[in-house]
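Have a look at these structures, which come just after this line.
First subunit A sits with subunit B, and in the next complex the same chain sits with subunit C.
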Partner chain A sequence: MTTKLISIAKDFSPFPAGRYLTDGPFPGEAFRDQVLLPALKAHSDVTVDLDGTNGYGSSFLEEAFGGLVRKGGYSLADLKRRLHIKSERQSYEVRIWNYIADAVH
Partner chain B sequence: MSILRALDRQHTVVRLDFTGTRTLFPGGTLIMLAYLGLLLESHPRRIKARCRPKSLAAQLLRHFGLADKLGIDVADSQPTDESVVNWRYLTGTQAEGEPIARMLQSYSDLASFDPPEGLYEVLTEALTNVRQHAYPPGGDVPESMQRWWLFSRFREPTNSRPGNLFIAVYDIGAGIQTTLKDQLQGSAERLAQLGDDMQSLLRLGDSRRLQQVLLQHAIEHQRTSTGLAFRGHGLPEMRDFVQGTATGRLYIISGEAQYSCSPAQNVSDCITCDPAFPGTLILWDLPFQAKELAT
Partner chain C sequence: MPVGDLLKWLPPVLVVLGWIVVNWQNDKRELRKEARSLIDAAKKLVGEIAVKAVNYHVDGQHGLTFEIKAGLDALEIECERLPYFVKDSPLMGAHVAFTDAITGGDFEATAPAKKAPNSPEVATILRTRTEMLAELERVFRVHHLGRGGSRRPWG
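Moving on, here comes the complex of A and B:
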């Protein structure tokens, strides 16, 4: 069993914004495909630390995390077991799990 | 004669006369700068400006990098007036977080002001919306002109009035209602989720009332509750962000409708706009007290 801690600010960008690769330099799709999905494939537990950036628009969060279901093929139950969200702003964690649940339906 | 018609004549140089300009209103100035910037790119050296020396117009055009292209004298246009130097101006084609973060950081560095939580998010969502929806593929706007423009002005609080952060984001794209209408009419499932009133209006085609209803619907209905995949979650979040401030106000002007809301209002206001507005303008007006007064 291996665990991986991802800091979006350090491991991806302090300036996340946008949904798709065409939107800008650091969108949710890029974070999901380049950082998050490889981590979930290689490790049994992944913690994503959201602190250290200016914030996250809904497009970024929805594509990064809702996209784990749509594009990564993960189930809500699997993600609940293996994905952990760390943030000083609790609302982000609630929103992320809502985006994942919405993507399932 | 319009500027474009004059520029259509070969070798004509258009001279814009700002000598009678006393006040420059933020929203209108942003739109003027956007179009002026595009025209200067498409018609270099064909537009000049006349300004009174050291006037606000001359300073503003210098501050936003257009003065040299318009032939305005350097010595007569150095930005010194507080009402000019307090403005920031950004433009781009992508949803880039870094310039937004740097702008907000510069405000955070001021002793008197803490940017409200969530401001970076709604601003980057506004740019994302422009990128994803304002300029549909195959539209009339050339790729190089598929831009957004952002204006911000910070005013320190004084003993007699609160401080104020004003931010406007503008695009010259299709407009929110056009985007939403196209998406609704392209999906029977989404149409079926609408109320009878809006379905009737959609059947009637273009009307001012439809423009109003569509704009209000786009801003006030979350995609998650309606299943509508219009401008993402961004517009409802812009409204929620302002509602979460003590005294902020949000204005969204698009096509033939103008929407506004504030925490002080129990209901939002959506009125018709005549003549139709070219593109979409989103304005946040965020009054604040100095840190030491607020705590």
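Moving on, here comes the complex of A and C:
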């Protein structure tokens, strides 16, 4: 059982923005495919720290986390067990779980 | 204890009780004033963010992304000072819906599509803005005026 802590600001970019690779250098699709999915494949528990960036658009978060269901094939139950969200802003966690639940339905 | 002795203590007891009541009323009034100013500041931010969001989506002012995201963060920080902004609360729900309406879809895309003023996207921004404003007023009524549990200010 291994755990991985991902800081978006340190391990990806302090300036995450956009949804798709065509939207810029640090979109949600890139974070999901280059950082989040590999971490979930290699570790049993993954904590994502959202602090330290210049904020998140829903487009970024939806593609990064909702895309775990659409592109990664993960179930809501599996993600609930293995994925943990850390942020000073309470609403980010609410938003992320909403996107994952919406992607399931 | 003789009645005379009891009556001797009555004035100071009444003074202390009166002081407790006045102090409680003062605390309540100050809390209400503080909440009112927080809610007014949050409502101002909601209005400003909605205007920037419409300028972004309708007029194609794509340089506003940072200001919009910073504004939404500032709004959340303002709301967090209210004790009833907690997970699964209607106020948190309204804030999330407002944020999603503005920054969902193709927000921050390289070339986001310009939306018509009467498009569903703009209608959703304006609806969630109104719902956020109404929710801010509702929590003030419920928690500081002691009335109006309805989710609608006119309910």
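Everything below uses one rule, namely that the second predicted complex is superposed on the first by the 105 of 105 C-alpha atoms of A that agree within 3 Å, B and C clash if a C-alpha of one lies under 4 Å from a C-alpha of the other, contacts with A are read in each partner's own complex, and residues count from 1 in each chain.
Operating definition for what follows: contacts are C-beta pairs under 8 Å (C-beta built on N, C-alpha and C of every residue); 3 or more make two chains touch, one makes a residue touch a chain.
Just so you know, these numbers come straight off a predicted model, no measurement behind them.
*Asks:* With everything superposed onto subunit A, say whether subunit B and subunit C fit together or clash.
*Replies:* Aligned on subunit A, subunit B and subunit C clash with each other.
*Asks:* Go through the superposed model and pick first if A:42 touches only subunit B, second if only subunit C, both, or neither.
*Replies:* neither
*Asks:* Quick check for you: in the superposed arrangement, does A:26 touch first (subunit B), second (subunit C), both or neither?
*Replies:* first
*Asks:* Thinking of the overlay built on chain A, is A:18 touched by subunit B (first), by subunit C (second), by both, or by neither?
*Replies:* both
*Asks:* May I ask you to decide whether A:57 touches subunit B, subunit C, both, or neither, giving the answer as first, second, both or neither?
*Replies:* both
*Asks:* So in the superposed three-chain picture, is A:98 touching just subunit B, just subunit C, both, or none of them (first/second/both/neither)?
*Replies:* both
*Asks:* Out of 81-89, 153-161, 189-197 or 207-215, where does subunit B run into subunit C after the fit?
*Replies:* For subunit B, the listed stretch overlapping subunit C after superposition is 207-215.
*Asks:* Can you list the residues of subunit A that meet both subunit B and subunit C?
*Replies:* After superposing on chain A, subunit A residues 17-20, 22-24, 27, 54-60, 62, 89, 98 contact both subunit B and subunit C.
*Asks:* Using the touch definition from the top, list the residues of subunit A that touch subunit B in their complex.
*Replies:* 13-20, 22-27, 54-60, 62, 89, 98, 102
*Asks:* Which stretch or stretches of subunit B touch subunit A in the complex?
*Replies:* 94-98, 100-101, 104, 117-122, 124-125, 127-128, 131-132, 224, 232-234, 237
*Asks:* Under the touch definition given earlier, write down the residues of subunit C that touch subunit A in their complex.
*Replies:* 65-66, 69-70, 72-73, 76, 80, 85-88, 92, 95-96, 99-100, 102-110
*Asks:* Within their complex, state which residues of subunit A touch subunit C.
*Replies:* Interface residues on the subunit A side: 17-20, 22-24, 27, 54-60, 62, 89-91, 93-95, 98.
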